[in-house]
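What follows is a set of structures for review.
Below, subunit A partners subunit B and then partners subunit C, in two separate complexes.
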Partner chain A sequence: MKRKGDRLALVFFLSPALFLYGLFVLYPSIQALWMSMYQWRGLGEKTWIGFGNYERMMSDAIFINAMKITGKYILFQVPLVLIISIGLALTIANLLKSRWLNTYRATVFFPYILPGVAIAMLWATIFNPVSGMLNGLLNAIGLEQYTTEWLGRTETAFGSVVFVNVWSMVGFYTVLILAAILNIPEELTEAAEIDGAGKWQKSFYIILPLLKDVLQVVIVFTLINTLKIFEMPQLLTSGGPNRSTEPISLYIYEQAFQNFNFGYASALGVIFLILIFIASMLTLRLTRGEKV
Partner chain B sequence: MKKVGMLFASILLLAGCNAPWASDSSGETGTENKDDQVTIEVMMFEGGFGSEWVKSSADAYMEQNENVSVEVIASPDIHQQLQTRFLSNDVPDLMVPGPSFDIMGVINDGKILGLDDYLEEDSYSGEEKWLDTFEQGQFNLKRDGKTLGIPTVFSSGYVWWYNEALFEENGWETPETWQDLYVLKDQAAEKEIPLFAVPGMHPGYYFNGIFIPLVERIGGKQAVLDAFNLKEGAWTSEAFAEAARESQKMVEEGLFLEGTFGLSHTEAQTLFFQNQALFATAGTWLEGEMSDIIPEDFKLRAMNQPIWEGSDAEFLAPVSTGWGGAWYVTEDSENKEETVQFLKFLSSSEEVKKMVESRGLASVVKNTEDAISSDALKSALTVMQEAEGSYAPTAINDSYPEMTNNMINIYQSLMLNEITPEEFTQRAEEFAAQVRDDSSIQKMEFSW
Partner chain C sequence: MNRATRNLGSHLLLILCSLLILLPVLWVFINSLKPSAAILLEPFSLPTVPALDNYVRAWTDGGLGIGFLNSIFVTVITVFFIVIISAMAAYALSRKRFRFRIAIQNTFLTGLMLPTFLAMAPLFLLMNDLGLVNSHLGLIAVYVAYSLPFTIFMLIAFFNQIPHTLEEAATIDGCGPIKAFWKIMLPLAKPGLISAAIFNFVGIWNEYILALILLSDDPLKTLPVKLANIMMRQQYHTDWGALYAGIVLSFIPVVIFYLIFQRRLIEGSTAGAVKE
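Moving on, here comes the complex of A and B:
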């Protein structure tokens, strides 16, 4: 009887969250799946076309390009965020553990608390090819041959967007890793010191292996956030020049709200959902390994 | 049982009172019966042109017509509200949907009222036909011969803006031919000023302000019409090929401000107003949009694109299609007659004059030119008046948005020298063929 009562309580307490989840996540997802079978402008009559939208996707060069660009973002952004966050966290922990820790921690975390629009405006101003700080600096130090239209040229736009994304993301992950480092029992590092390990030896042979769990979390989050990347390409380059910075999410937005192809956008959304699901499953599977 | 019977009779009676046929039986409609209170709901896009003039006209109308209440909802994001309203079949009576709303979608769906019969009626003042109160140059919001939208604000297409004071000061002439541009370029180079500041982040500004006008100047109206009407081979025609070659040449010859392809539209326009470039391409909204930063001694003037030497193409002026900025009465409005009556009032020269005076706008309503105080706007109107006719470089935006986006993207690649002019025209033709061959896309027949 007690078990039944527990179950009822469980259902009772979970039901509000389940209801909201169903209403705002499950229902729209199922609706999107249903809508992906139609040709629909977002208004008026829907025409059933079965898997027509999915067939179109296979030969849509722009969709294939958006997939590649998303892959490129993952390829560059995930390792960069990971490496820079670890590097910063280790540096702060090693060099400034006593006096300036909080100052550096707050400074590194600062970009993360800025709104995306503010970050985009800030960097768009810096990248401004005519009056921006970056070209001004390059000119001032005699490197004028490197000045360019950072967000307007295919060669530099992608790198610029990745840079801004990484800049805005590393603060959070650095603090996360730093917290994990500070939680490592001091006896372990002291023992290593007694055995003659230097600062970097301690970092590589003692601290890093103990960070496995938190690093897995960092990878999962960075991967999923990079897959969903939308804000910076939209605000900095609108996906251009010539779609060289346009990830899938931006292409979905373009199809739905600029081209008024809501059916096709829904089909793209379904594929996008599956991709995120696979990425989440893969990373969750990886993180299920034994603890150190 | 008796009570149940009485209740049933009462319900029938009440239902009868509310039923649509109830007023018909008395022979009175909402307009005729002055005791009936009518509410007209207006939803409008609020951009650079504002909405105060509509609210003020609504107040004036309500004073004159006590049985009518006009509710105006204005927002820059009105398209989002409109979409949900149309989806739930709860449409406003009158609307200006703005540039982000799928107006073609609702037109295809038969949700917009045809206005031709009303346009044949008397205008609000009763002095002439309502249709005759409009300048006809921009009065072309028709689908299958049916007039659907009423434009009130005059909006030119992408013309070229320049600082007349700067030209006078240096003794420069505005270019009459495209080839003159290169002479002007050399003259301005002495002052280290390039010709164009364009927003590379939004290539539509120069696709519509340089490329399509260039095609028109080289191949004439028909070349543009053939392309917009998706005629096979039109996008690879000589006019398009030449315009593509010329576009790339303009970049190579340094006609554009260095760094311009990395700028947003406000950044490019700001540099133009700082005299760091001679021309900016934009519509008549430019002055209102940048009013905060225009220097006092800046004489903002509009000019038509120069002619192409050796071509006998018509000298036309670009106009905005204006689909998003026009007034529409919805087919499902329950107060069509009253709404049209209010629209007649709103588009009467007396009311429009107030708008022209207060907002510094120009209008397509006749006899309102005198109220224009802006010299910049007057010069844009002069561009229209001095041309041999008009054409709409942005006409495909509403009808084939996906194709237009794709065209603009590859035009940007052309300007960045990433593709050759031949590749550009070839790809443009492929995009046009995709639309041509897709039977699910409703085709539009353009004619100017």
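Moving on, here comes the complex of A and C:
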């Protein structure tokens, strides 16, 4: 028994969200598919080139490099974030019922709320070879031989960017895992304690297996967020030296807003979406498969 | 063996991590109070007299004052509209049963996955056609649109927990759906709305990429874009004091928020994922 008033109310409730979302999120995303078939510099002539942009990628050394670098970020960042956040969450959970739990949780989460741009600047000043804290500390403790131009050399730039990324995101996942640990019924862990399980035995054999669901979420999230990194490489190294820290996101930006290759940038965006989609599906399948 | 010594290892590890998190932030804060020469020559010294002129220079010469005010303006308006529009949509999706409900819900769900980069070029051209490039209105509209999916799902989860009885009573008393939403649902949902507002405040305050693409007029830029500009220029013109002051300036609102709403912020941003 739908009354006319009800239907009008539905339209009233849903139309602002649907309008904004449709116009500014869905429409440009769908248009990217169509635009990826053109050679177009934003102004002037639009030329239909079919899959030309995609063919161009195959022989674009910078694109292939950016894909490799993105893969490298995933290879390092996802396991690092996973291991550190599990370790931290288990350690904090050990302090259950102590007032320190909240203090540590709040401290660990803290970087997650800071502006990414400011975090990049903060670490850029720390890595700064002239007056930075890192080289200053190394000098102070007599390790002068290790002082270097952290962000300017291929050997150290990538590691430094990964470090800053992990520093800024690991707290979020720690808190996520910690919440799941605190949700585990106490009877389970108590039973293990009565059976004589030590703290770490308890963590490994009782808690970790119960965390599968949340770990799956953590892996998908880190994967997607690693694919999306932009601020840190842009502001810390501008993708350099020699594009050794340039992920695909930065290359899309460069193509769209520095070279004004809007068609090509759209095609790169489509590839990027497919990547994210595959990454999410793969992780879901892999972690589900393990469950058997 | 008492509790404290048993947990000594855990404490040591966590204190080390806390230092790794807090020391860099503290270092920036201390340096923001020192004159530029002292920053370069004695990076580890404490300021003798706190030099607030770094902040003055950052605010005026660095243009961060305008950036700060722009950011406050854009963030506050954006958060207001995100919460209202998301609440309306979440209310319909949580309470009403209608034909396209699942389809609409799934449409918003895909939005959680769509990355900004996919649509970077088309979005810019769309905004250009609409005359919304270089305008706060345009940026706000895009921010609201991109924040809707997450906020709607956050609020649906929240609305689902609120019992239907009060609304039903109101409907029997002849209260229309819009009035029921406004007079009954919104007041009951206040804690959820506040969580959503806090969560989005932090996200919008920190947002950089969309603002970078959509604003190119200097007087309109938000604080993260202004900061990034200063950083890019840094090679040519080195005012370290103002740089540090600028970083601290961008931390202030979110840190204040964090100190007040820490629990809500932590729980709000993790709630969705844990429930899945």
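Definition applied: the second predicted complex is superposed on the first by the 259 of 292 C-alpha atoms of A that agree within 3 Å, B and C clash if a C-alpha of one lies under 4 Å from a C-alpha of the other, contacts with A are read in each partner's own complex, and residues count from 1 in each chain.
The criterion applied here is as follows: a residue touches a chain if its C-beta (ideal position, glycine included) is under 8 Å from a C-beta of that chain, and two chains touch if they have at least 3 such contacts.
Computed from a predicted model, the values in this text were never measured in an experiment.
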Touched partner set for A:129, first subunit B, second subunit C, both or neither: first
Subunit B versus subunit C as contact partner of A:281, first or second or both or neither: neither
First, second, both or neither for A:64, with subunit B first and subunit C second: neither
Comparison of subunit B and subunit C by subunit A residues contacted: C
Partner chain in contact with A:13 - subunit B first, subunit C second, else both or neither: second
Partner chain in contact with A:217 - subunit B first, subunit C second, else both or neither: second
First (subunit B), second (subunit C), both or neither touched by A:32: second
First, second, both or neither for A:257, with subunit B first and subunit C second: both
Footprint overlap on subunit A, comparing subunit B with subunit C: 42, 124, 130, 257
Residue numbers on subunit C that touch subunit A, as the complex places them: 3, 7, 10-11, 13-14, 17-18, 20-22, 24-25, 27-28, 31, 39-40, 43-44, 85-86, 88-89, 91-93, 96, 98, 104, 107-108, 111, 113-126, 128, 141-142, 144-146, 148-149, 152, 176-178, 181, 202, 205-206, 208-209, 213, 223-225, 227-228, 231, 240, 243-244, 246-247, 250-251, 254-255, 257-258, 262, 265-267, 269-270, 273-274, 276
Parts of subunit A lying in touch with subunit B, wherever the complex brings them together: 39, 41-45, 47, 62, 124, 127-130, 135, 148-154, 237-238, 240-243, 254-255, 257-261
List of subunit B residues in touch with subunit A within their complex: 83, 86-87, 100, 102, 104-106, 108-109, 111, 200-203, 257-264, 267, 271, 276, 401-402, 405-406, 409-410, 412-413, 416, 418, 440
Partner subunit C, residues of subunit A touching it in the complex: 2, 5-6, 9-10, 12-14, 16-18, 20-21, 23-29, 31-32, 35, 42, 88, 91-92, 94-95, 98, 100, 104-118, 120-126, 130-133, 136, 140, 167, 171-172, 175-176, 179-180, 183, 213-214, 217, 221, 224, 227-228, 230-231, 234-235, 248-249, 252-253, 256-257, 262, 265-266, 269-270, 272-273, 276-277, 280
